[in-house]
Amino acid sequence: MSNNILEIKDLKVHYPVRGGFFNTIKDYVKAVDGVSINVPVGTTYGLVGESGSGKTTTGKAVMGLNHVTEGTIMFNGHELTGKGKKVDNHKDIQMIFQDPYSSLNVRKRVFDIITEPLNNYESLTKAERVNRVLELLKIVGLPPSAIYKYPHEFSGGQRQRIGVARAIALRPKLIIADEPVSALDVSVQAQVLNFMQEIQKEMDLTMLFIAHDLGVVRHMCSYLGIMYRGRLVEEGTVDDIFNNPQHLYTKRLVAAIPDIDVDHVEKNLVLRNQLKEEYEQNFADYLDEEGRAFPLQQISDTHRVALPVRS
Amino acid sequence: MIKFTIRRLLITFPQLILLSVLVFILASLMPGDALSGLIDPDIPREQVELMRERLGLNNPWYIQYRDWVWAMVSEGDFGRSIFHQRPVMDLIGDRIWNTVWLSLMTVFFIYAIGLPLGLISGRYNDTITDSIITGYTYLGFATPTFVFALVLLYLFGFVWPVFPTSGSVRAGIPPGSLDYVLSKINHLVLPSLSVALIGLVGTVQYLRSGVIETKQKDYVILARSKGVKEGKIYSRHIFRNSIIPIAAFFGYEITGLLGGSVIIEQIFGYPGMGRLFLESISTRDYSVANVLILFYGFLAIVGALLSDIILSIIDPRIRIK
Amino acid sequence: MSTENNNLYDNINVGDLPKSTPGWKIVVQEILADKLALFSLIIFTLITCYVFGLTLFLSLRDIVTVDLFAINVAPNDEWRLGTDYGGRDIFGQLIIGTRNSLAIGILVTLLSVGFGIVYGVICGYFGGHIDNAMMRFVDFMIILPFLMIVVVFVTIVPSYDIFTFSLMMAVFLWMGTARLIRSLALQERELDYINASRTMGSSHFKIIFTQLLPNLVGIIIVNGTLSLAANIGIEAGLSFIGFGFPEDYPSLGTLMAYAQNTQTLQHRPWVWMPAAILILILMLCVRNVGEALRRAGDARQRQG
């Protein structure tokens, strides 16, 4: 497994909860609590979970936007966290943000937005920069006239394309895509996802794809990790997760995907209700005393599940 | 609630210490010291040196600061006025009530005039009445109090002399009589009115936007649809909710008035603490000026504390922070 | 993609690309749209130009020289606005005084708003402990009795000019701006474009000045104009009680200060009335412009 471009080992991101008379630390919010992920080069790893499960925090920790309480993050064999870190990871790792509105500065023209990373890492002449931006606009499918426009002149989908153009401007090796389509209309989602896949193939990118929608990641990813309250509950290939879910939480998630085949509606409904009942009765068994998922156990070469430890 | 108050109190201590340090530094920067005014120029130099030594004026600054603070805290000794040859506290005691009365009268006018104006212009917004009131607040925001006060003094003190032009009471009336009280009030009207008529524009604007905002709220529409009388809707629902921010700033308002009285007292020749401050500066009586700064700073701290506590009672979100 | 389409991206003349309306043009449009604000701006500009232009031809020495043969002259043909108790020309004092008052007002505003912006944006952008510690200092500065402290400073400092005087005022006037900018910066830094800039490798310094502050420009302009109006009044007030500039260095406040003499107040309104009216006009004009900009900004925010 030495071809992993990203190796996250036992990552913990805890936030102190202050209170009491002297504002001392009373407790911690464990946003991410012991997550280990390996992302092989050239693949897309999907990180799935509900709101507050810690998936975005994990992504931001890789970007260096969050402090890391414990654990290590290795990128291409270099450590990104801890005291030994002085590798500038921003040239090789880029991020696509969830909200196409707040992630683009409303006061900046598309040209300024896309050249920001170029100005920081490459010294180019004005003409070179214009050509580069035009090139990038072409890749993401925006017209050249977009170059001197402001973000508010674009739709959500187009804005997300600008975000992608900015993210790939430095030709990074790894892109962290934080729910890049969840703020978009369903009709636009597929477009954006498709062109992201194209770009990934063309540029030989590795992607950490964060989402809450299993349907979307099935389309995009080769590996999946399911997160619940800061911990992974199940991890494996897309095939492992969709055809052989082991954890009750995963099972329910998979069952919740809408099926377009009308004949299966009845059957799916029965299955869904069955799982719902089981979830309500037995889900506590799948968690330890503190309500956290158990440590992952290897059940096949690629498949790991946080099943209860039977003692 | 108690926890919030105590924690808020703890913040005021460093502020008090910082304030006293600042005043101490100002005092040491000022020309002369406690002796320069007291000593007869005929006294020989060695004797002055001896007195300096005895008074601790040759000690390092931190010892002097400690002694100065200690004298204030333990004995209530705030120093002596060189010019008046009296303890500073006595001087302030003479003047403080005048300033307090002036402030109370001003506050009375601000709320007695400001609240109705705000309510009316909010209730009948976008009518001619509202436009007049809004226009007035517009002018009021752009008028410095002292310019307005001078114009009022010129008009109602000289051109059409209905009010006295200086002092706090007519001379020769025995204190305690009804005449005395009436004369005092008569002297207060012009200064307090000139501050209040400018000072109330903030209250009017706040209340107006509060009323306009509240009257579109669902619970007001519900009350109206239930057939509650319009007058009752305003007195029961809208007024109560729009008054909250104004009530919260009551503490700031009071201390702001006490502190802002310097120019007004000067214009109307009103013997309050602000005038005392200017007098003491112009007579180089710095020990008085310093205690007054300390005093006004202290008042501001108390006012901010008061407003924060009122706010935390009204708005629980503040407490959590 | 077709070759036709490809040509679209080649052979592009940068100058041909469409440009958007720059920020200052929007500000101008907003003022033009508001009749009252436009009128105010014109008045203010006229006064400023007239005053600054005329002072080039007026001699300060001539004006402030005592002329015992022309004491307290009421306005007539020779003395357009009369003279004061020293026989000094009120009109000349008014012109030079307005220039001085405007200069101080503008300088104080630049200094206090400038420092307030830097202070506030550092608090808001970094947040946490830095913010906590720095805002405690602001809380302290706010409780200081402004007028008294400045009066004391003015007496302690042996000599001062327009710049040092403005500096003394500005030291105690930046806290409002700092608080405002801080609260806005706190909101702004939660937006992802700030995060995006960090992932792009931009330094904190660069993010603050090239990303965050441009978004606050509208509010800074409004805050600056409203402060300017207030500062003109504050300077006049200080000079009025005799702790601004001396009589031989006139400002609108020193002219007002003549009215402290009851005789002057009562019988010689030509000495102080013009200054009072000018203060009102100047403050009203500046405020009108500021308020119009604020309303326009609010409306734009509502539109999203």
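A, B and C label the chains in the order they appear, each numbered from 1.
As a working rule, a residue touches a chain if its C-beta (ideal position, glycine included) is under 8 Å from a C-beta of that chain, and two chains touch if they have at least 3 such contacts.
All figures in this text were calculated on a predicted structure; none of them were measured in a lab.
**Q** Quick check for the class: compute each chain's Cα centroid; which one is farthest from the centroid of chain B?
**A** Result for max centroid distance from chain B is chain A.
**Q** Which chain's mean C-alpha position is nearest the mean C-alpha position of the whole protein set?
**A** So the chain sitting closest to the middle is C.
**Q** Between chain A and chain B, what is the gap in Å from one C-alpha centre to the other?
**A** So the centre of chain A lies 57 Å away from the centre of chain B.
**Q** Which whole number of Å gives the spacing of the CA centres of chain A and chain C?
**A** 48
**Q** Counting in whole Å, what is the centre-to-centre distance of chain B and chain C, each centre being its mean C-alpha position?
**A** Distance between chain centres, rounded to whole Å: 26 Å.
**Q** Considering only the defined contacts, which chain B positions touch chain C in the complex?
**A** On the chain B side, the touching residues are 11, 14-15, 18-19, 22, 26, 29-31, 138-139, 141-147, 150-151, 153-154, 158, 165, 259-260, 262-263, 266-267, 277-278, 281-282, 289, 292-293, 296-297, 300-301, 304.
**Q** Which stretch or stretches of chain C touch chain B in the complex?
**A** Interface residues on chain C, with respect to chain B: 136, 139-140, 142-149, 151-152, 155-156, 229, 233-234, 236-237, 240-243, 256, 259-260, 262, 265-266, 269, 272, 276, 279-280, 283-284, 287-288, 291.
**Q** Along chain A, where are the residues that touch chain C in the complex?
**A** Within the complex, chain A touches chain C at residues 60, 63-65, 88, 90-91, 93-95, 97-99, 102-109, 116-117, 120-121, 126-127, 130, 134-135, 137-138, 143-145, 147-150, 153, 163, 166.
**Q** For a test of understanding, state which residues of chain C touch chain A in their complex under the given definition.
**A** Per the touch definition, chain C meets chain A at residues 1, 6, 8-9, 12, 14, 17-20, 23, 191-193, 195-202, 211, 214-215, 217.
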